[in-house]
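Here come two complexes built around chain A, the first alongside chain B, the second alongside chain C.
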Partner chain A sequence: MTGPPAPSRATAAAHTDPASRATRAPHAPLAPRAWLVWSLAAVTVALVTDNPVYRGLVALVALNVLLTWLPPGRRVRPLAVAVLVAATLAALINLLAGHTGADVIARLPEWLPLVGGPLTLESLAFGGAIGLGLVAALFSVAPLSLVLEPHDVVDAMPASLERTGIAVATSLNLVSGFGRTFTEVRDAQRMRGWKPAGLRSWNEVLVPVILTAIEDSVRLAEAMEARAFGAGRRTSYAASSFGAREAVVVAAALAAATLFVGLRIAGVAMDWYPYPTISLPPIHPLLVLACLGLALPAFPLPTHRSAAPPGRSA
Partner chain B sequence: MALHHAAVDAVVRRRLALLVPAAILAALASLAPVAQAVPACAAAGSHHAALVVEHGDGSIVSRCVAFSTAAISGEELLNRSGVVWSSQTFGGFGAAVCALDGEPAHYVDCPGKDRYWAVFAARGGGSWQLANVGISTLTLHDGDALGVRYVPASGSAAAPVSAAGVCPAAAAPTPRRSVAASTAASTAANSAAESPAAGTTPTTAAAGATTAVATSSARLVGAAATSATYPLSQAPGPAPTGGIDPGLLLAAGVGGGLAGLAILKLVAGRRTGQ
Partner chain C sequence: MSASTGTRLARLEHVSYWYPNQDEPSLREVDLEIEPGLTLIAGDSGGGKSTLLRLFDGLVPQFHGGRVSGRAEVAGLDPFRTPIPQLAQRAGLVFQDVETQSVYGTVEREVAFGLENLGLPRAEMHDRVDEAMAALGIESLVGRRLETLSGGERQRVQLAAVLVLRPQLVALDEPTSQLDPEGAAALLAACLGLAAGGRAVVVAEHRLETLSPAADRRLTVEGGRVTLGAAELPGLSGVAPARPPAGDPVPAGEPAWELRDVVAGPAGRSREPVLHDLSLAGGRGEVVALLGPNGSGKTTLLRTLAGLLPPLAGTVRRPAGRTAYLPQNPGALLHLPTVRAEVALTLRRTGSGESPEPILAAFGLDLLADRYPRDLSSGERQRAALAATVAGSPTLVLLDEPTRGMDRAARRSLAAAVETLTAGGSAVVLATHDTELAAELADRTIELRGGLAVERARGAVADETPLSGGSR
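Let's look at the complex of A and B:
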């Protein structure tokens, strides 16, 4: 059993140095707090309604934003594959377990426990809507892990939520770190002649990945303790600036979330329920435009902010 | 002692004589708001929305409900119409109609697995559109119509008969047949809606057909409007459903644009080696 190779210098630099990330990005970076508000607003929109159209729009918006801001060395494909698998599973489970609906597309023998009976288009559609909600919600929070650095996420939190922010950032870092380690270990094992042959063969990848994740967690905890974690107010190396661009993004995101929540409280129909006969979801044009407002970060200004802004003392 | 007993008996009798009418009055008073509230509600306001209920056997119950607010929910319209109904709420979807006007008499599943109440709405005298929200979430304005039809669970739900003539303002642009369409019937329907006097029986003209116009049945509480019953063979055909929701078109355009943009970004990312 061997450990993973060390990450390449370029990748490491992209993960740790915000200045280098800003220099290589084709557009000026957004302040972490703007990202946090945007993500929260997008998740709110995705979860406040079960209408698949709005959820689909939020998922597409978040995907565009991710593709626009993805730093070099990070990939959206592993996340997309995982999310699509989860969404497909959700749709399949609802199709097999829910036997309600007018349009029967197939029948399984009644003697089969749980899944036996008619499989309906309505159950498939409702499962698909649930899966789409998963896709939209996970894509919405993905920038916090894929675009921002963990310390950016902590900086974006209000002072009272600093501890929570650190816990969230550490968790998010673990997810992306797990994915990176998996890729690195798999590539390293392949170079040593390993070939995937059945489920059992993946032990040679999964065991090093889990051990590495544990080692990383212990190392992180020790590093945090060595840097006086919890001893007092946290300082930051570089203060992020919150300019007009961030204000516009935040305003559009908050307007979208407020509109969805407000119209829901006002009783405007925005949900979709395909049973007993499937029908088209109700769509409010204003809410479609609100979803479009969330897409503002997907159209960044092409200006350069070549260096990090002056920071506070550490 | 005997004198004392007689006095006590007299007091008891007097009290009973007071108590019995009081109890009867109290019982009547407890019923009175139920019987009067529906017509009073139905009569209030200058806006009208039609209700068409089509039973599984083809019999029709139609009502014109008046309201003073700018809009009314489908649930409120059903309540004001006086038609007895029950529902089950499904989260954000709203309430689904489980039983309506005594059909089904008993149920276990809601919506029913064999037949269920399909809810339709016709906007401004237009054609029926299958409602994609619950009846509690459905909003109706002046001139709109709410249609509820007991349909088989298999296949697509057929729309109920046209709401033309049920309310003067809810007349369809091209009525398929004269359903209570005569001026007299319309006027009577309207006046019945505005007046708390229950049991108005307007004359209904159906070409060459004997159309039975029924007053409120025992199941209907406080008839506030016309209630017409048609034989199955003479029931008007379903109005055509159709039309594309402009909101859906906008969503399709925006979604297509975003998907195209994502593909372009993916292709550009591959070219730059990201």
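Let's look at the complex of A and C:
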């Protein structure tokens, strides 16, 4: 039994509750393909350099964009908590296991395996930069699942990957069923006298859950086939909403990624290596500007059409 | 079956069909004509109803494989050879399970999926989606996410998703088996509307009562054979022995279980409890039925009583001995090679020295005992799971929608099994949409609605006296 129905999100929200949309996400929806390009560009920037300044900028910009576009009923908190825990762990592990660098901040007894020895500021800083990269990359791809619908992701795929996109979208649909089946089967087996005792005992839960998931997939495949899936060239129900706003967002995102990759190939110093003695990371004004270009979707952009959800004339 | 009038939409001649690796055919020498209007298909689970419906849009044999003989024509096409996407524009199929037939997350996209596959221009898609949703009276669902819809709404969305392809024949395979009565009524009304509009609508259903008066023809599919006319629809009465007179609100036997001031629901600060300050009790040998729409808290109550969901507040008391619990979608728990092994596992686990045979016999599973449970039809699987669940002489038996997808025969064996259990002193609590089952079996009926529990005396419909359960 479920509680009250979850609030609608994204396009649904725009249709049923324009007010909430207006307060939470002030723009008409951005075309899925623009989101895909933006995410890929932001990830590229986050991973092409280990400079914590740029990574931090990308993380902040991406979080800002995410909060601007987050549909009502969607929460960023669980993702943020998970990402921060992962980043903190990365920094701690590097601090405890690094032992390199000039500035010793503490010392653990040498007899301790792995972590024994000097703990240095450099190891902590480098670990922090690794964690920051993780944060930036995850926040960059988060809109694909938190802002977009599975069908938006399908729409964003190039035509040659559309079938793959649908496979991904439908498998996402089955994920919730998978979790529910797991709970049901575990409960049912427990009531039949099953107790978790070692890895092997989980067979009684996992085998039926996997069998059920396979059956569900076959059923879904059958239902898709019965609705003409695989007939040939597909079209999309959603209007291609690629307009001036999308062009600006995509241009800025591509410029940012190209600049980073280009300057890196050209040999411009952008990386940061804190060993043996910690130093301030190099900052190139052009690259800072490129990072800020990724923030475009967080600002009100001129709207070139009504705020109707994609795919339906208002 | 009926005389050819020139308006027939489907014709089968001597059609037999074998699933892959099966020696016995699932359809035998079927001769059949389908005309516009409403055709009802009755028959026991596993008799071949689903297979017959899948034949109209080519899923049998093209998707499922296997061997077919005879001749068939559906809206002028040969369903054995015409590609399924082409057939889908002549014959559509709505499946039993609402969840495993949704592709997208939102209503219009889901409805439009088939049109996207056909590569139609966008403007035409919009017109067709609007038309199909209007035909089913679900225009108000535009923009909604599927997961926020009720079962009945979802099933009508799936029907619209088939209608957009403008098929002349629409088949529905037990479409109401997971719906509450309101949802089932809305879906069946939609079917009647389509049939009145000149389409051929073929519905396989266990709950034929609603549709029967409006049906243009009835078929029965049993043992793979199709016969004209409906099989007799015996009620449950005659199986369940006489009960105490109606209106007795006091637990019959000594107290067996009790919920006192229970608040229950998913854990977490932001979640609203589903049950609020609920107090209920039941006695040994007593059958309590929980009624109420989807989402009213029936499953939460059963899981709390089973000890699977710790209450957020209040106390739960269960009798000493084993508690049996049949979850929704019970077929999911089956994983052993035979039905007998499933029953034997429960008996062994619960320390019972009993033989599986009497339980298998009680559920009419003698002939299926050596079959692989997942190869059985949905109704047979349900019975197998039920047998595996209630084996081992439980003192408390909790059944969540036990008749979902069950045919009459299975329901009768369920009724008999419940009778045997209560005669042995077990307390039974069943959550169900099946008001007929509740009326026949239950000593007491509790209705859950919006957190309020209302006790209904047996047979009474309007006599609603609030229990101690509070509401918000």
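By our rule, the second predicted complex is superposed on the first by the 202 of 314 C-alpha atoms of A that agree within 3 Å, B and C clash if a C-alpha of one lies under 4 Å from a C-alpha of the other, contacts with A are read in each partner's own complex, and residues count from 1 in each chain.
Everything that follows uses one rule, which is that a residue touches a chain if its C-beta (ideal position, glycine included) is under 8 Å from a C-beta of that chain, and two chains touch if they have at least 3 such contacts.
The structure displayed is predicted, hence computed values, not measured ones.
In the superposed model, A:Cys291 lies in contact with chain B only, and not with chain C.
Judged by the touch definition given at the top, the superposed model places A:Thr68 against chain B, while chain C stays out of reach. By the document's definition of touching, of the two partners only chain C reaches A:Glu215; chain B does not. Contact with chain C, but none with chain B, is seen for A:Glu149 once the two complexes are overlaid on the shared chain.
Judged by the touch definition given at the top, the superposed model places A:Thr170 against chain C, while chain B stays out of reach. Number of chain A residues touched is higher for C, counting chain B against chain C.
In the superposition on chain A, contact of A:Arg200 is made with neither chain B nor chain C. Touching of chain A by both chain B and chain C, each in its own complex, is seen for no residue at all.
On the side of chain A, the complex with chain B involves touching residues 49-50, 53, 56-57, 60-61, 63-64, 67-68, 70, 72, 100, 102-104, 264, 267, 269-273, 275-277, 279-285, 288-289, 291-292, 295, 298.
On chain A, the positions that touch chain C within their shared complex are 1-9, 11-12, 14-16, 149-151, 166, 169-170, 173-174, 176-177, 181, 184-185, 187-194, 204, 207-209, 211-212, 215-216, 219-239, 309, 311-313. Chain C meets chain A in the complex at residues 57, 59, 63, 83-86, 88-89, 92-93, 95, 97, 99-106, 108-109, 112-122, 125-126, 129, 142-145, 147-148, 161-162, 165, 265-266, 271-272, 274, 294-300, 303, 306, 308, 322-335, 345-346, 349-350, 374, 388-389, 392. Across the interface of their complex, chain A is touched by residues 73, 90-94, 111, 113, 116, 118, 130-134, 137-139, 153-157, 245-248, 250-251, 254-255, 258-259, 261-262, 265-266, 269, 274 of chain B.
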